[in-house]
Every structure is written in structure tokens, then in C-alpha cells.
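Two complexes follow with chain A in common, the first pairing it with chain B and the second with chain C.
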Partner chain A sequence: MVWLGFRNCFTNIHRNLLQVFQMALLMFLGIFMTTTFVRQISLFSPYSDYFDGNGFVLFDCGLDARNPENLYDKLEKTDDVNYIRYSGAESGGQSFIVYGFDKMALGYKPTLIKGKWLSEKRPYHSGRVNAVVSYTDKLDVGDDIEMEISGEKGGKFTVHICGMIANTALMLNPNGQENEGKGIRQYYSHDDYYFMDESMRTVSMIITDKAFADQFDGYFYSTRLYVRFKDDISTEELEENKNRLISEEYAVINSFDKVSSESRQYIFSKLVDVIPIALGSLILICISVAGVVLIDSKKRLTQYSVYYICGMKWYKCCIISMIQSFILAVTGFVLAVVAGGIMLRITGREKVMFEIGGSQILVCLLLLVYILVVSFLLPLHIIRKYTPVEIFKEKT
Partner chain B sequence: MIKITELNKTYNKGKSTEFHALKGLDFTVNDGEMVAIIGKSGAGKSTLLHILGAIDDYDGGEYKLVSDTEIEVGKLNQKKLAEFRNAHVGIVLQDFALVEGYSVIENVMIPLRFSKRKKSEYKPRAMEALKHVGMDDLAKKDVNKLSGGQKQRVAIARAIVNDPDFILADEPTGALDTETTGQIMSVFKELNEKGKTIIVVTHDPQVAEQCERVIEISDGKIVG
Partner chain C sequence: MLQMIIRNFLNLIKRQYVIVIILVLSQFMAVSIILFAYGTYTANSVNLEAAQGEESKIILDFVDSDENTASELNMINATFASVMSDYDSMIQYIFPFVNPGKEEMKKLNEEYGIYSLENAFSVLGGMFTVDKDAEYKRKQCGGDWYSDEDLRKGNLLCCAGNTVKAEKGQKITLFGRQYTVVAKGIGDAWDPAAVNIPFSAIPGNLHMQAITIKFNRKIVKSEYDEIAGKLVDYFGEENVELTPKRVVELEIKQTFRSLIYISVLMGIISAFTVFVLYRFVLEERMHMTAVYEICGCTRFRAALIFLSEMLGILVVNTLLAYLLYMNVIRKKLEQMIPWFRMHYLEDNSRKLVMIYFVIIVVTILATLMVSLKKTPREILKEEC
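Presenting the complex of A and B:
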């Protein structure tokens, strides 16, 4: 049966090529839609629970750097204060801005061109500080480099580069401008290595907050802070906290519930731009796939009748059809991946909504299930209308 | 031995278009016989052949195949009928019934793919069957490129590849010229001389002449 299904792929080759093309298009659209959806929510999903609570996004307007940990004492029912620390360093003539990402900041994993993201539980690698760098052509994953801390106090430490962020990939930005209406999207930014003047290229280096605290003794705090309060905080206590923050020269630039609702609206608006057209195209192609399967099955009735007289049960032609469609669908998937890969190579990741991850594989599997179901049911519908005797009589 | 007793077949039973195709047929075909079934168009020849080949069912009577065991075909379920067609019957049709796009040997191997034989047996058995019909040197050729006579030889090879109990041929020379008809009938005769039971349905008296017994059907009944 498997051989017969496989062999079907090489008879009536034009029809099969059409099916392969259709299935490649179907898989490509499925991957495209899923990637669009996943990319839009990927910036928000690591923090959806975080921003579902009560809290403020603050901007430190003070003249001097202040330790945000002090806010625990100054505010009522503070659950968590999150911020990013940063400082300068250099190695072999290359300047770095070193960021200490805490657990909250590490929640979002940017797109890495190589290696792996940091883990709060593993700040060190055999005595060297684990670090992820922004894109550069001067370093590589696996390199160990000696860092010299800028500033009066100085200091040295060795870094092991465990990952490199893709050029123009988004990452959480400790500073940066606010853009109303975009929710959490406004707290991300990206570096473009090739956009910077060669003489002024600074590489961002991210290490865990623990490693940062161990190595640096003179640093800056991010001007943007996130203060999360306990769930049982009252409206009056929130208002009181807000007033205290203003008096302490902190600007309350956003509330968590506003970030949460704006994030959802922003994602929705992005999806509404793209998904309806893609979904409509997907449905049309699904119908087209079913149509070609139907035509193919009808055209193969005589062939299946021959199998019948040679000893095959009549309904087994549906299984042959399924096997044929499976092979064509897998071929289509490979073609879609190759096409997507070529597009990525030419235009770059940020411009092409094409990735192969768990969600995309799941969607492709669902499309495969659809194809297999159609490839079984449509031939079944046809063979129920005809018997092999009728087919032979029609021919003679 | 094939034993047919009071065989009946009615199409569209109970409807206004009801047609009684076979009316109580009785006959036997012994092992090693070459029998011709003749009759005018619409007499019931093809209906009988389809029943003998287990392609179609029947409404009354008995159809038994007596070889090592006795098989009553009417009592078989779909799975057993498929096995019966595969193991006991070889069918040759007027329009050859070959799969276009397949090679000669691929067509001959089709019954083997539904059999319980090992894959390692497929090619040797297929080549042996092709040798019997003189087509072994064209094993890899696409069947679309064969002449009518060659196609029918391939169909015969496919019919014998699984060593069935008998071969059914429905107007096997209907689409062939006189010379090729003679060649095809020679192939059948050779197979029969080697002990193969052959039943040929034909309206051609010259084909019927070459068989050792003739059964004439008219209006669904045996008349001679």
C-alpha cells in the first residue's frame, strides 16, 4: 500500500506538481500566520502575568543616580521593584555597555543568532561571567574575554560569551522613549550594528544582575523602573504611593493595567492588518487542495479498479490516496521552508514573518491532518458512488 | 473445479428497471479445462464472468471453487473476497486494464503487492510470468509504449503471476487484429497445456473453436 501511494506521486506528474505547489503555499501561509501571531505576542507574553497586577512604570527624574531598592521602604505594599543596572567597560579597544538584567528583564529572550540566552540560575560558567552580546563581527560565541571596568574604581573580570543577539533584534531597553498606545512594545528597542559609525560602535553586553552586583561597584540605574504592588493594595494606597513617588521626583508614566490593555490592543491591531487576508487565502487554498484531491481520485478510479481485480479491497484506495497526499504534503512543507529560508537570507528576519518553531510545526501538523482527512474522505465519497463493475462497464 | 449451481443475478431488484441477468445457471468447469462462454451481446456473459471473478455478487444459487479446500464464494466477506481474487483468480480484460505510467514489470507485480508473499519474491515471480508470455525483455518498458498484443500479454502475465487456480478472460482478443488474436490464443493454449484452467468469454466463434468446450448463454440461461 505504501509503495502504491509512493508510486502514485510519479504518475500524472503535472497534477502532482500542482498539488505539491498548493501544499507548499498552504504550509507557507500557515507558517506566516503563526509567525505573525507569535511575534506579536512574544513581546508581551513573558510579562502578561506581571502586568496583570497593580503597579506603575516610573521614570526617575532625579539628578543623581538613586538605588531603587529604597522604594520598598518609601511605598506601601511593594511587591517587587524591577530595573536594569548598567555601566561601561572595554576589552581590546572595544567599548561595551554592560547591563545587569534581573529576573524580570531576563523573562524576554531576544532572537539569538548563535548560542543561548542567560539564566538567572547560572550567572557564571567555570568561574567566568556568562554574557550575551549584541551583534558584532568582532566576537563570537564561545569567546572568553577580559573586561576592564570603566570609571575610577575600575576592576577586571573575565566573560564567557554564551550568546549573540541577532542584528536589529528587539530587546528590553532600560531607557528609551515612550510611545503611547503601544503598550509594552514601547519598552523594547533594537541595535543596528551596521547603522552605527564603525569608530563609534558600542557593543551591548548583558549579564545577570547577580554577576553585575558581584563585579561592578559603580554603576547607573536604568531611568525606567517597574514597581509592582501586592494584590491586596487598595485604591487609596495606590493613590498615596503615586503621590509619594511624585514628591520623590519619580514620574509615574504608566500604570500596569494601562500597559496590559494597550499591549493587547496593539497586538490585536497588528493582527487585524494581516490575519484576515492570510486566513482568507488559507481557506481558499484549502478548498483548492480538496478540489485537486477530488479530481485526482476520480481520474484514478480505473487504476483503483485494476487494483481491485488484483485483490485489493475497494476502500483501500482511500489509504493509497492518503499516503500519496502525505508524501506530497511533506514535499510541500520542505519547499515552503526552503522558500522561507531564501527570503530570510535575502531580506533579514525582521522583515519576513517566517520562523520554524513549536507553534509553526503544530500548525503545519494540523494542516497535514486536514490534508490527510480530505485525502481519505473525498475518495471514499467517490468510490461509494461507483463499483468496480460499473467502472469497467463504463470503459467498455 | 468450479461448480455453479442455480446461479441467479438480478440488477436493480424491486425497481422499475429490474433486470434478471442470470437465470438459474448450472455448469462445472474441471481443472485443466479451457472453456469458452459464448453468446450475443446482453446474454449475460460478462455478468457471469464478473461473478466468477468475485468482482460482482449474486442473488441466488451457489458458486464453489473446489481445490485443496472447498470455497463457497457467496459466503465470503469483503476481506475474504479480496483474498480470493488475489490468490485464486487471474483476470484478463478486453481493454487490458493496465496501469498507465507503470512499467511492464510494475504492472505484473500488482497482484503480488496484495498477496502474502515476501517482497523478495516479487521480481523473480514477475519475470517468470513475463517469460511465459514472451515479454521478459521488455520488463522495464512503459506500458503506454506497447502494442495491443504486447499489452494483452502483459495482462496475461499479471493474471498468472500469483499462480491462481483459474484464469478468466473477458473478450481478450476483442481489441486486437486477427494475427494478434492468434498470438494471444496461442499463449492461452500454452498455459492450458501446462495445466492452467482457462475460461474465455467471447462472441468470436473462431476464438471459441480453440477451446475444448463451449457453453452458450442466451437471455441469462445456458442453451448449449
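Presenting the complex of A and C:
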């Protein structure tokens, strides 16, 4: 049966090529649409679980740099104190703000113009600190630069630039201003490199928190903090914690509840632009697949009748159709990925949203399942209406 | 020939109704998505925040220079009104922001409890009018507001917010002039600590900091550039600067660019589906075509019969999809989502649908060329 399915792909090659082309278009559309959809929720999805608990977003109003770990002792039922550490550094007259991103902060991958995003597991590259930098025309991916830590601490370390964030792309910013009502969006910022004055062009450099701890050794700032409490904390304890934080010169900017609900509203407002097109794409994909499979099945009715006369069951004929569709769909997927790669090469990564990740593969798998189901059920539905004699009679 | 077209068409519906349904649906989806993506894109092309419910506006800042102080306010005159009259249906209001200075403001605050000055106006047919919210404000203060005539003549009148320490009929001193209070806000009506004066009644020696032009709908990039260009020409390039355009995050640009690409892709898929389905229909009619040709019908005539039949379906379908989307679906979407006020340039929408339609026609022609290659002899030989 598998062999017959294979053979079907190579007989009537013109029709099958058209079908492969169509599958490639549909897979391409599926990947494209999913990427656009997923990018809308990617600002919040890595942090949605975190913000679903009880907690506060704080701003450190203290004049001196201090270690936020002390908050574990000062507050009741503290589950987690999260913050992004940062410090200043220089290299060849260029100022940098170096951020230490932990696993959670690395959850959002900004749009990179070149290279790849940091991995928590690979803080170093041949003894040099792996780093992703914000857009600048003075550095390039693959450069190794000698960094000098600013301020009293001093010291030097070498950085290997493994990725560069696209100009005006969103990135997590622990110093950014709060914008009421925008939920998680307020913790991201975007700058236009060419819009900034030459003197203001400070480059942001992101390294892993492990590399940050190794190089900066407790010499850091952390202006925005996220304190999460255990689930069994009472309202009174929360209120007490809030008062303690205020007395410790921390401004309680937001509660996790508020961030969570505002983020969902914000994400929904973004999705509304995409949902109708996503639904439209889905319907068009379904219609198009059904149309092509229907025609292919009608064309192969005589062939299936021959198989039937030779002793094959109808459902086995449908399995042959399924195998054929599977091969064509997989070929279409490969073509779609290649076409996507070519498109990204031509337009650049920052122009359009096209990625192959878990969600995209899942969508393609669902699409494949749909194609398989349709290519099994449609021929079965058509064949059942006729006997082989009727099919031959109609043919002649 | 017409009889043949009708007979073919009826046969198609009778025998291949599933294919006709798929054709119609795929075309409908493609037209809808192309229009939706276009609407989303244009609505967000200038003021990307507009999609979140904020209105579009242009802000023009005056360069802070001692030399041109006192000259800008006098430029808000009849010539300015005629320049802006081209856009009067779009303009919600024009707000010249006049700063009386810290001292004057402090005095107004202490004496009358005034914290801000309002002087918005609008333009209609080259004439100044009170801003379009005036009717609403009138109701909120019990019926009075200064008139268009007062605005044009620069009569010294004002409307005071609820907490302003001045009653209706009383005179208050602003910029060293006596203004009569003609209306008094009730409760939280408009800004309770503001005083609203006709802008023409503001002394011309005061420095104007900025002009905000608020539109009653989202404007597209071409409109933005046109209006901004006229404003800059009018006030002089050296005297004004447009508030730097917001640095739009890359992800938003990527999203809208992707949506446009997706809609194009859907158009291609739809055309491709038409190609595959119609090719099948023509293949099914091969025998009939061969018979036509044997009976003396030329191939061109046969192609014309099939083309007319298919065009009939596609023209009606595209037109219906366009009308249905623009008049029903779009309106429903606007009702369902309050901020969903897409701005469509009707001309461009039609052009897009026309482009899609031309692609479909080209596809059909290509299908005909591919399918009608064989001679009647070849067709009949194949069948045997």
C-alpha cells in the first residue's frame, strides 16, 4: 500500500507538482500566520504564570545600590524576588549598560537582526562572555570586545557578541518608564538608534545572569523588582508587606493582579488585528485542501476501481490516497520552509515575522492531520456512492 | 452562444456544485481578507496608537525664539481658516496652545482658581466655528456658550468651569482684559478648573507654543504628510517643527507588513484554487469541446464560451464579496469592537479588488490555454 501511495506521487507528475505547490503555499501561509499570531502574545506568554500569583512590582527609590535578596527576610511569605541586574561598562569610548538576564528574562526573545539569542546554558563562548547587544553600527556579530567595568569596581572582561537586536525592536527594560494601562508592555522599551543623539547612543548589552554574577560580583543596580508571595498569603499579610516595602523606600507600582489583567487586555487588543485574518486563512486553507483532494480523488476513481476488482478493500484505497497526500504535504512543508528561508534572506529578519518553532510545527502537524483526514474521508465518501462497474461505465 | 453559456453554467451547478461552492468561498475569503488587511494597515499607518482607541492628531510646535514671539497667534486668521477648510470635515478641533506665562497663570490660579486655559475652535467652509464639542458643553452648562460670531469678532467672553471662582455674568480679568463669563459648568462638566475663551480674544502679543489638530477619524500617511506640509508652509519651516513622529516599535511594523503579505498570499492561494478547480471542470468537458470543434466551432469560440461562463461567476462573486464586506461585515466588526474604526480609502479598496480580479482572470486564461491545447483527435483517442 505504501508503495502504491509512493507510485501515485510519481504518476501524473504535473498534477502532483501542482498539488505540492499548493501544499507549500498552504504550509507557508500556516507558518506565516502562526508566527504573526504567536509574536503578539510573546510579550506576555513567558511571564503569564508568574504574574498569576500574588505579588507586587516595585521600584527601588533608595539612593544607594542595595541587595534585593534582603527582602526575603523582611517580608512575610515571600516566594520569589526577581529583578534584572545591570551595571555600566565601557569599551573604546562607547558606553554600555550591561544587563544580567536570568532564565525568566531570557523567555522573551527580541527580534534579532543577526546572530542568535542567548541561552542560559551557554553563558560563555571559549572563555569569553556571550552577549547580545542592542542595535549599533559600530559593532557586529562575531566581534570580541574588551569591556571595562565603570565605577569603583573596575576590572575587565572579554565579550563575544553572538547576536544583535534589530533597531526599534522591543526588549525588556528594567529602567523603562511605567505606562499605566498597558500591562506587561510597560516593561519593554524600544529605541531608534538613528533618532538618538550621538552622545546618547548607549548600547544595551545582555549577558546571562551567571556571567553577570561572575564579572560584576555583586556590583550592580536593580531599580525594578518583582516580589511574588506564596499562594496562602492573606490580604492582611499582603497589606502589611506593602507597608513594609514603602517604609523601606520601595515604591509599590503595581500588583500582579493588575499587571496580569492589563496585559491580557493589551494582548487581546493586539490580537484583534490578527484574529480575523487568522480565521480567514484557516477557512481558506480548509476549502483549498478539500477542493484539491476532491479533484484528485475523482481523478483516481478508475484506478481505485481496478484495485477493488483486484481484491483491495475500499478503505485501503483511501489509505493509498492518504499516503500520497502525506508525501505531497511533507514535500510542501519542506518547500515552504525553504521559501521562508529565501524570503528572510531577501527581506531581512526585521521585515517580516517568519520563524520555525514549536507552535509553527504544531500548526503544520495539525494541517497535515487535516489533510490526511480529508484525503481519507473524501475518497471514501465518493467511492461509496458508486460501484466499480458504474465508474467504468461513466468513464467510457 | 449565449444559450450554450447558460446551459454549461447550469450543468456546472448541477453536476459540480461542490466545486462551485469551493470557488465562491475561496474568492469570498480572499476578497474579505485583502480588504481587512488593507483597512488594518491604513488605519495604523500613521498613528499606530489610534487602533487602541486614541484619536489621531498632528502637533505642531513653535520654535522657542524671542524674535518671532507675538507673531504666531496673529497668523491664526482668515487665511489660516481657508488653508484648513480643505479638511474641515475631518477636523474635530484645532487647539492653539497659548501659555500666558508662569506669573499670569499663578495670578489666575490664586484669584479665580483657574488651572488651565482652553481655546479650541473648528473650521467650516473657511470660517472659524466653535469646536465640535460645544453642543455637548452647552448642555453641560445649562445652555450658554459663546457663538461662532463671538469667536470671529474676538468678543471678550469666557466660559468658566465649575470650580472657577466666577459666576455667570461676572467679569474676570485675564491678560489684563475684562472677560464676561457667559457660561458656568455644572458638576464635573468639562474641565472644572479651566476657563474657555474664544482664541481670537487672546491678545496677539502672547506667545503660542503649539497647535494641536485633532481629527475625528484616523488619518492615513498621505493625509498626514499633506496637512503637515501645508502647516509647515504656512507658519514657515524655520518657525515650527512637527512633534517628532513616534518611534514605532519594530514588532508593530512587522505585524502589519506580515498581514499585507499574508493577504497577498491568500489572493494567490485563492487564484491557485480557481486554477486547479477550473482545470478539472475543463478536463471534464474535454469530450464536449472535441464535439464542438468537430461540429465547426473554432477553438477561440470554445474558449470564449468557457471564459464568459467563468467570468460571469467570478464578476458576480467578487462584486458580492466586496459589497458584503464593505457594507455588512465591516459595520458588524465596528459594532462588536468599539475601537474598530478602520479607515478605508474607497478608491484604494476598489483598486485592490480590481487587482485581485485581474489576477483571477489571468489565471482563468492560463487554465484555458493549458486545457485547450489538445486537438479533438487527441482527446477522442485518449478516451478510447
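Throughout what follows, the second predicted complex is superposed on the first by the 201 of 396 C-alpha atoms of A that agree within 3 Å, B and C clash if a C-alpha of one lies under 4 Å from a C-alpha of the other, contacts with A are read in each partner's own complex, and residues count from 1 in each chain.
We take it that contacts are C-beta pairs under 8 Å (C-beta built on N, C-alpha and C of every residue); 3 or more make two chains touch, one makes a residue touch a chain.
Worth saying up front: this structure is predicted, and the values here are computed from it rather than measured.
S.K.: Touch test for A:12: chain B only (first), chain C only (second), both, or neither?
M.R.: Touch status of A:12: first partner only.
S.K.: Mind working out whether A:273 is in touch with chain B, chain C, both or neither, as first, second, both or neither?
M.R.: second
S.K.: Output check: A:322 vs chain B and chain C. Expected answer is one of first, second, both, neither. What do you get?
M.R.: A:322: touches no partner chain.
S.K.: Who does A:111 touch here: chain B (first), chain C (second), both, or neither?
M.R.: The second partner, chain C, only.
S.K.: So, A:259: does it touch chain B (first), chain C (second), both, or neither?
M.R.: neither
S.K.: Taking the superposition as given, does A:22 touch the first partner, chain B, the second, chain C, both, or neither?
M.R.: So A:22 only meets chain C here.
S.K.: Looking only at contacts as defined up top, I'd like to know whether chain B or chain C touches more of chain A.
M.R.: C
S.K.: In the superposed arrangement, which partner chain does A:295 touch: chain B (first), chain C (second), both, or neither?
M.R.: Touch partner of A:295: chain C, not chain B.
S.K.: So which bits of chain A does chain B touch that chain C touches too?
M.R.: 396
S.K.: Which part of chain A faces chain B closely enough to touch in the complex?
M.R.: Those in contact with chain B are residues 1, 3-4, 7, 10-12, 302-303, 305-314, 387-389, 392-393, 395-396.
S.K.: Along chain B, where are the residues that touch chain A in the complex?
M.R.: 46, 50, 53, 55-56, 78-79, 82-83, 85-87, 91, 93-95, 97-102, 106, 110-111, 113-115, 158, 162
S.K.: Which of the residues in chain A end up touching chain C in this complex?
M.R.: Chain A reaches chain C through residues 18, 21-22, 25-26, 28-29, 32-33, 35-36, 39-40, 111, 166-170, 190-192, 195, 269-270, 272-274, 276-277, 280-281, 283-285, 287-288, 290-292, 294-295, 298-299, 350-354, 396.
S.K.: Mind pulling up the chain C residues that touch chain A in the complex?
M.R.: 18-19, 22, 25-26, 29-30, 32-33, 36-37, 40, 44, 51-52, 244, 247-251, 253-259, 261-263, 265-266, 268-270, 272-273, 275-277, 280, 333, 337, 339-340, 383
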